[in-house]
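Chain nomenclature is as follows: A, B, C, D and E, assigned in order of appearance, with residue numbering initiated at 1 for each chain independently.
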Amino acid sequence: MVDFPILTYTIFIPLIGAAVVMFLPKERLNAVRWTSLFFSFVPMLLTFWITWDYFFNFSGTADFYYTEGPVSWIAPINVYYHLGVDGISVPMLFLTGLLSFLSILSSFNIVNRVKEYFVFFLLLEAGMLGVFCALDFFLFYVFWEVMLVPMYFLIGVWGGPRKEYAAIKFFLYTLFGSIFMLVAILILYFGSEPSTLSIPELINSAPTFLTHGMQLLCFAFFFVGFAIKVPVWPFHTWLPDAHVEAPTAVSVILAGVLLKMGTYGMLRISWPMFPDAVKFFSIPIAILGLIAIIYGALVSMAQKDLKKLVAYSSVSHMGYCMLALGAFTSVTAITGCMFQMISHGLITGALFLLVGVLYDRAHTREIAAFGGIGAKLPVYTGLMVLFSMASLGLPGMSGFVSEFMVFVGSFTSGIVWFKLITALAVLGVVLTAGYMLRMVQRVFLGEFNTAKWGGLTEINAREVITVAPLAVLTIAIGFFPAPLSNMMKATIENLVQLIAR
Amino acid sequence: MLETAYLIPVYPLFAFTVIIFFTRWNEKLSSAISIGAILIGLVHSVGVLLALISRHGLPYEVSVPFIQHPKILLEVGMWIDPLTAVMLVVVAIVSSCVQVYSLGYMHGDPRWSRYFSYLSLFTFSMLGLVISNNFFMIFMFWELVGLTSYLLIGFWFEKKTASDAGKKAFITNRIGDFGFIIGIILLFAYAGTANYQEVFAKVSAGAISPGMLTAIGILLFCGAVGKSAQFPLHVWLPDAMEGPTPVSALIHAATMVAAGVYMVARGMTVFAGSAEASTVIAVIGLITSFMAATIALTQVDIKRVLAYSTCSQLGYMIMALGLYGVDYAHHHHSVGYYAGTFHLMTHAFFKALLFLGAGSVIHAVHTNDIFEMGGLRKKMNITSITFLIACLSISGIPPFSGFFSKDEIVVASSTHPFFFVGTLLIAFMTAFYMFRLYFLTFEGSPRNQHKYDHAHESPTSMTLPLIVLGFLSIFAGWTGLPFEWFGLTGFSHFVYHGELAEHHPSYLLMAISVVVGGSGILFSYLIYKRKAWSSEAIKAKVLPIQKFLFNKWYIDELYEATIIQPTLTLARKLWWFDASVIDGMVNFAGWFTVKWADAKELFDKYIIDGAVNGIGHVCMAGSFFLRFIQTGKVQFYALVIIVTSVAVVLYKVTPQGAIIYLVLALIVGGVGLLSRLARPERAETD
Amino acid sequence: MMENFGTSLGLFWEFIKANPIFCLLAFITILSALYVVTLRNIFHCAIFLVLALFGVAGIYILLGAEFLAAVQVLIYVGAVSILMIFAIMLTAHLASKRISQNNEQTGIAIFASAGFLMVSLGSFAYSIWRVQTTELPENNTLEIGKLLMTDFVLPFEVVSIVLLAAMIGAIVLARREKS
Amino acid sequence: MMMAYLALAAILFAIGIFGVLTRRNAIGILMSLELMFNAVNINLVTFNKFIAPEGLTGQIFAIFVVVVAAAEAVVGLAIVLLLYRNWKGVDIDNINIMKW
Amino acid sequence: MPNYNLSLIIPEVFLFLWALFIFSYDLGTKRKNADSIGYLSMLGLGITAILLAYYHGGITFKNMFTSDSLALFFKIIFLGAAFMAIGSSFGLASQKIKNHRGEYYGLILISTVGTMFLASANELISLYIALELVTIPLFVLAAYYKDDKASVESGLKYMIVGAFSSAILLYGISILYGLTGTTDITLMKLHLSIVFLSYGKIGPALLIAMMMVIAGIGFKLALAPFHMWAPDVYQGAPTPITAYLSVGSKAAGVIAFARIMAGGLFAFADDVMKPLDWGMIVAIMAAAAMIIGNITALMQSNIKRMLAYSSIAQIGYLMIGMLTVTEIGMASVAFYMFIYLFANMGAFAVATIYSDKTGSDNISGYASLSKSSPLLAAAMAIFLLSLAGIPPLAGFAAKYMVFAAGVQAGYTWLVILGLLTAVVSLYYYANVIKVMYFTPHAEVGEKLHPPVAAGIVLAVGVAGIIFFGVFPNSILKFAFGTAKVFGFF
């Protein structure tokens, strides 16, 4: 519909960037850095433009826009190159574009194998952007998997002490999840008549040709795939390792974007495509979410490592998404889920960046090792406290809006059990406050150990620049959520109707 | 005026932003901006009050959508009725006084600018809380004031106690808000909106079942319990005294802690809808009030005494409101509502005054312990006089403002004998410990000469607010006079709930309350001024009780033992669970494989160093064993080929036969292998 | 049962009387084959192999494949067996060894081959064979020649390549390197 | 009658299998293989006579088999020589450097 | 003398003559020339490919030579395999086999000729002989390091098991001949159906025949449980030969299997083989192959042995497509084989280059490869990831096709098993990558300079994997075309 294929450009410019960087001389570090920054900057602008344009022109309706194709890609098996975005993918695109840019900016302090690092990073970005645009299952799956390899390398080469373990664990876990997805895709493909891999078509037709049992099966298969990405409670053990071992920027991407793909996939595929299954499983899902909320909060309360704490906090926060997803009848809940995805992306991303900043200076993340940093680094402390508050859902920041909507939505979803589950879930808010404040107090407040940390330097301009946009967005969404919600409104209403089928 | 009332919170917000981002480095300018902003706000709010009076308290509301959805409409807006207007003025006045006072008190503090920015932020949040027109919005500002209180309590965060106190305050409040938010969500669920008026309309229309209404009422009240430091969540308030004294005066005496009371008054229709909820409120209020008063009797830290007295007074108001609710539910009108709100106002003034006075004292003698003070009257005239005014006021001695409001509370409780007794008892205790405080601090002979010598009257910037507040502590109450003067109706005709009800002062009750208060003063005079009875002796007599009270009924210890530790332990347990069990479940299989002694280094090499998870271990183990099928004997390979082929063919004919065949094959083969192993190695063939 | 066995024995005897030559050849072949796989002295094995191959050649004649019998004698007896014996000579000095020439798999090997035998004979017995009554063409050697040059010319050529490859390979492997 | 031939072939084949599975001498294995090929040939010729007498496919196939078997025997013996050079013996049991 | 269309066999004949030319050239030039002879062989393969492009399509020698699209497709694979095997042989040709280069290359070419005949053989006699023509040179080549015990042992094992299974195959074929009176596969089908229609059954003999054919060809496929020779032989043989074994001769087995089972007998599977039709037999074998192959590969420290087990597993995946005997199934088989050619040959090429330089095949030795020779490491990583089936590399498309076929035919359990084992496989593939990239290494080994030809091989491999991963369309259409041979419409 738009005359020039903006999505394709958005996805493939990082790819081109990767190619370009590949041919730069290894020694010209700055050339490499700035080139890759540029090649992540352009897609960011494009995503911004898409968001802007979508918001002002297309928010009203639930269809896909900027669609490209379907262009036949692999004719014999009906694979098409088919892109398009709607109200739930546009914000994700925005988030991805922004976070990728910021992470690359924050990776300027990488010194080891700089070139490969940025090549992999740009590949990763391409994959992520692709996932949020793909409307063809094959394409979706390809992008989904494409991310794994760069991620594997990024963790494995530039990671922390147990990087090899973390890398392979991440790789195998996620692959394990996605294979079930593949089976389900094939079942859908051969179930549909005529056989198709187009997501929109299958959304319309799947409930008609799948038997109830088949729906449950496919749903379960997809769920495993997505749940491991999210990660839903029992599948979460890869996350702490990956987050802790990964270099800062990669943790940001992991928390900010990759985790969202799970929930995005559910919203884009599982929920509308298998309504009966959703109805069947909604309560267990919500309970998983509840467990994740409480469990994640408690576990992060016990953490001694700053980064691990943040990592587990995201287990807890994604739990809210699952709870909301369980409450499939409520537009509010689903909207809250989207809000939660976005705000968690912003907040946790920022937290990881900040933890990285501290780690670069102090070379430790031991919470107990610090204390009273606030006196020495006021600005840094200010930012950290700001995001801790945002993370514990303080009003005026995005976290609060999302959590509130999740609660209201799931409570009013009209499913009896949800009243209880929600009530329990609200407890998570208290616990979150508990561990966040505990962290803040033990790291930033109290006696300052001049002998040990006298050398610490205040956060520098580049680092502030990497965090500032996130802070602005967090607060902006906190005070003016209306634009965002209007953007997603139509799509989500449509979604809920699809589930209600 | 009214149309632009939303600007009142905006001024301090503006001040906050400017200071934080631009003028942080210029201390003078920062404080000037902050104070200027709040003064403008004060003027504006007074204007609003007058405007409202001129339109005889006709409420004014505007609102704009915040999030709009078919199922949910969240809006931001303002609702200005007499209660709001009064609160605005009170907050503005106290805030401006405190800020001026801080000029002197915080002199030379390294984080000066940030201090004032925080104060502005707080003022913004508090004004926003007051002005907001729906539960959602009040909750947002509710949390914001919580945050600022956290920041200000922990302002001197180098002090462990301070940062601890901040954390404690925040988390305790969170626990209260846990109920509060559920209550709000319930309101959403059943009333479909958060807007006060619409909710009230629904409630009065009986759209919500009584049981649910009770639940909602109690849950909402949880919030008030947290904010207004009511039992059982009162524990944070005394610790909050770690913050700078002006902060205590502003936040933990006059305004923020009053927010709970304000909320109860604001949502009175909801609470009054259910007698049970109202009863709960009233009882909680009474308990808190009584408990706090008893504790205050024994404290030696000047600020803690005041803190507990705050708790107690807040309990008073809550109780009054609760009682009003009870009566309302039983369809007969009482003065509780008016009493509560009225006391809210007067208390704001004299409690702020008390704290500021205490601050001035501390500023002079650099200690909080009243047993190290004494005889300060000669050194600090203004302070002592204003302090005395405040004490008289809180003790309910006419014509001081406290008398009017307190008297109304007595009136309100008079219809409920149990509460009536409690009220009087508390009134007595209040008078007693306040004057205990006064005498020990200002009268008698100095108990710590050294400190006494260095003591001096505070600078004007600190005394000026004292004087202002002193005046207010005297005259603010007079608005409660039950008759018109200068054509203005009294407070009771301005701030009321439901339909306006006439009521006539009962002079008997007045007399009783005055007598009770007076006797309290008398006793403390005899003990601490005249030394007619030695306080030590009395203490010795009731030592266990004294200990019990002095340790604040051991409630902190109780919580530590029953809630905090268990939670942390559970957290650690779960962490262990996560690290060992969930991962371990997957890693389990690997465990026994590692037991293979001879293969140990093999495993170290290939597994420990790279195993992914349990499936990994299982596979590795499988790998380890499967390799041995690969004997390297070519004839064995041929054997496998033929045996499997035959087995498959047999399977077609007789499946059982195939099984038997395979089993026998294994046996025979095994026997052959064993016999071979048994046989000694034969001579090499060359 | 007993007479049952008797009758079957009787049938067997009938069969032997009916075609003694086949039975003789079969007997020789099988016996010598057994010797091939069991004897300890590998040299004797080779000798018995020759005998077995002769037996098979006889069978071919019975089956009316004279040319094949000739080929059998020429290639196997004449070439392969001699080759074997050469090899045995080359790897000579263990020819005299009197140690077991069978490995530990003997038991299961018997089991496996017996199973194979059982299965295959059983399945032959229960399958459909469309046995034709027509006889083979008289002196089919000529026919074979024709066919090899016409219908089967392609495999004929290919098999020559096989032989070439085998020859080259054998030379390459067997040749001693002068290093 | 055909069955008798088939039986003979099967027996011969089985014996061959047995030999391949058990002989410790590489040359012994080769011999056993020859036995197996001969068994196959008997099969082919038998079928040719009884099933498809109009053509001579079976016999010709048998001829090819003989040739191929000879070729395999040649290569096999060459490899056996290599064995002998490298191991100073042709005992299969000792020849398992590569396993697991 | 009936007039056969001889033009169809021109490519084969040419390649054979070229092999003879290689022999004589090597002799004529006193075995001095290390590389030229290799390049000549590659050239010959190239010319053959070109000839193939002109001379194909048709049947001659009474079905003994069917030059259909299937044959064409696989001939391309065979030529490619030989090309890459020879291309990666230069290192050892210049070092280890000074005296017999000509024979080495020539025998590879002859084996290739055999594979090409095999691809066209639609008749059992020619099929069998072509099969032998493929195998016998490989016996020799496997044992080509005459004074290296490992090599000789692998040759011996290959020879014994090979001969044994060819005997078994022959026995099966002879029974088929007995049941039908013909060796022409299409006629055989016809006769079997006649028997079936007239007698209502065929009898267990067909079962034995099928089983023995499966066993005999399963040996070439290294399909479990007939795979056990593979690891030993692969480990001992010269690495390029291992590569050729793992691709060329496997592909030969695949097409033979397709011709006999899918082309000839699958129609009768149900009636003779209930409750266990041969599809199920093969399914079980495929499952076994995937499990054994992948699991056992986990603990291998020798890269060739690891790749051997992985190739066993790969055949397991391929058989999923084969046993469905549907259009998409047979297409996926062809496609899978084609992609597998690039990935596996490439991986072995890297292994060859490494072992030529260091003389070792230990995975642990690959540490620091990413530093010393990054391109080589990157290529290896790509090959391995493709084998693991990670998109967008071609391996994924191939696996996708195979699994799609499986799901369509209702073998979902097998597909899930396959995917799970694929995850397992990722572990050992990634392990190599881990060693190359992650493992901190004390000293960086000196850069490996692969011979030009090997470089070409790697380039072809990488290019093929990436290109056909992203644009599989053309080749996939071709593959579907080949499936038509089996008469699905």
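Quick note on the criterion: contacts are C-beta pairs under 8 Å (C-beta built on N, C-alpha and C of every residue); 3 or more make two chains touch, one makes a residue touch a chain.
Note that the structure is a prediction, hence the values are computed from the model and not measured.
Looking at which two chains touch through the most C-beta pairs, you get C-D. Computed centre separation for the pair chain A/chain E is 43 angstrom, with centres defined by C-alpha atoms. The geometric centre of chain C is 7 Å away from that of chain D, both derived from CA atoms.
Inter-chain centre distance (chain B to chain D, centres taken as mean C-alpha positions): 92 Å. Each chain gets a centre from the mean of its Cα atoms; for chain C and chain E, those two points are 32 Å apart. Within chain B, residues 610, 612, 616, 627, 630, 632-636, 638-639, 642, 645, 649, 653, 685-686 each touch two or more of the remaining chains.
Among the residues of chain D, those touching two or more other chains are numbered 13, 16-17, 20-23, 29-30, 46, 51-52, 55, 60, 64, 68, 71-72, 75, 78-80, 82, 89, 91-93, 95-99.
The set of chain A residues touching two or more other chains comprises 164, 168, 172. The complete set of chain-chain contacts reads A-B, A-E, B-C, B-D, B-E, C-D, C-E, D-E. Chain A meets chain B in the complex at residues 164-165, 168-169, 172-173, 234, 237, 295, 298-299, 301-303, 330-332, 335, 372, 374-375, 389, 394-396, 400-401, 404-405, 407-409, 411-412, 419, 422-423, 426-427, 429-431, 433-434, 437-438, 441, 444-448, 481-482, 485-486, 489, 493. Residue ranges on chain D touching chain C, taken from their complex, read 1-8, 10-19, 21-25, 27-28, 30-32, 34-35, 38, 41-42, 45-46, 48-56, 59-60, 62-64, 66-75, 77-82, 84, 89-93. On chain B, the positions that touch chain C within their shared complex are 633, 635-636, 639, 642-643, 645-646, 649-650, 653, 661, 664-665, 668-669, 671-673, 675-676, 682-683, 685-686. Interface residues of chain A, counted against chain E in their complex, comprise 72-77, 138, 141-142, 145-146, 148-149, 152-153, 156-157, 163-164, 167-168, 171-172, 175-176, 179-180, 182-183, 186-187, 189-190.
Residues of chain C touching chain E in their complex: 119-120, 122-124, 126-130, 149-155, 158-159, 161-162, 164-166, 168-170, 172-173, 177.
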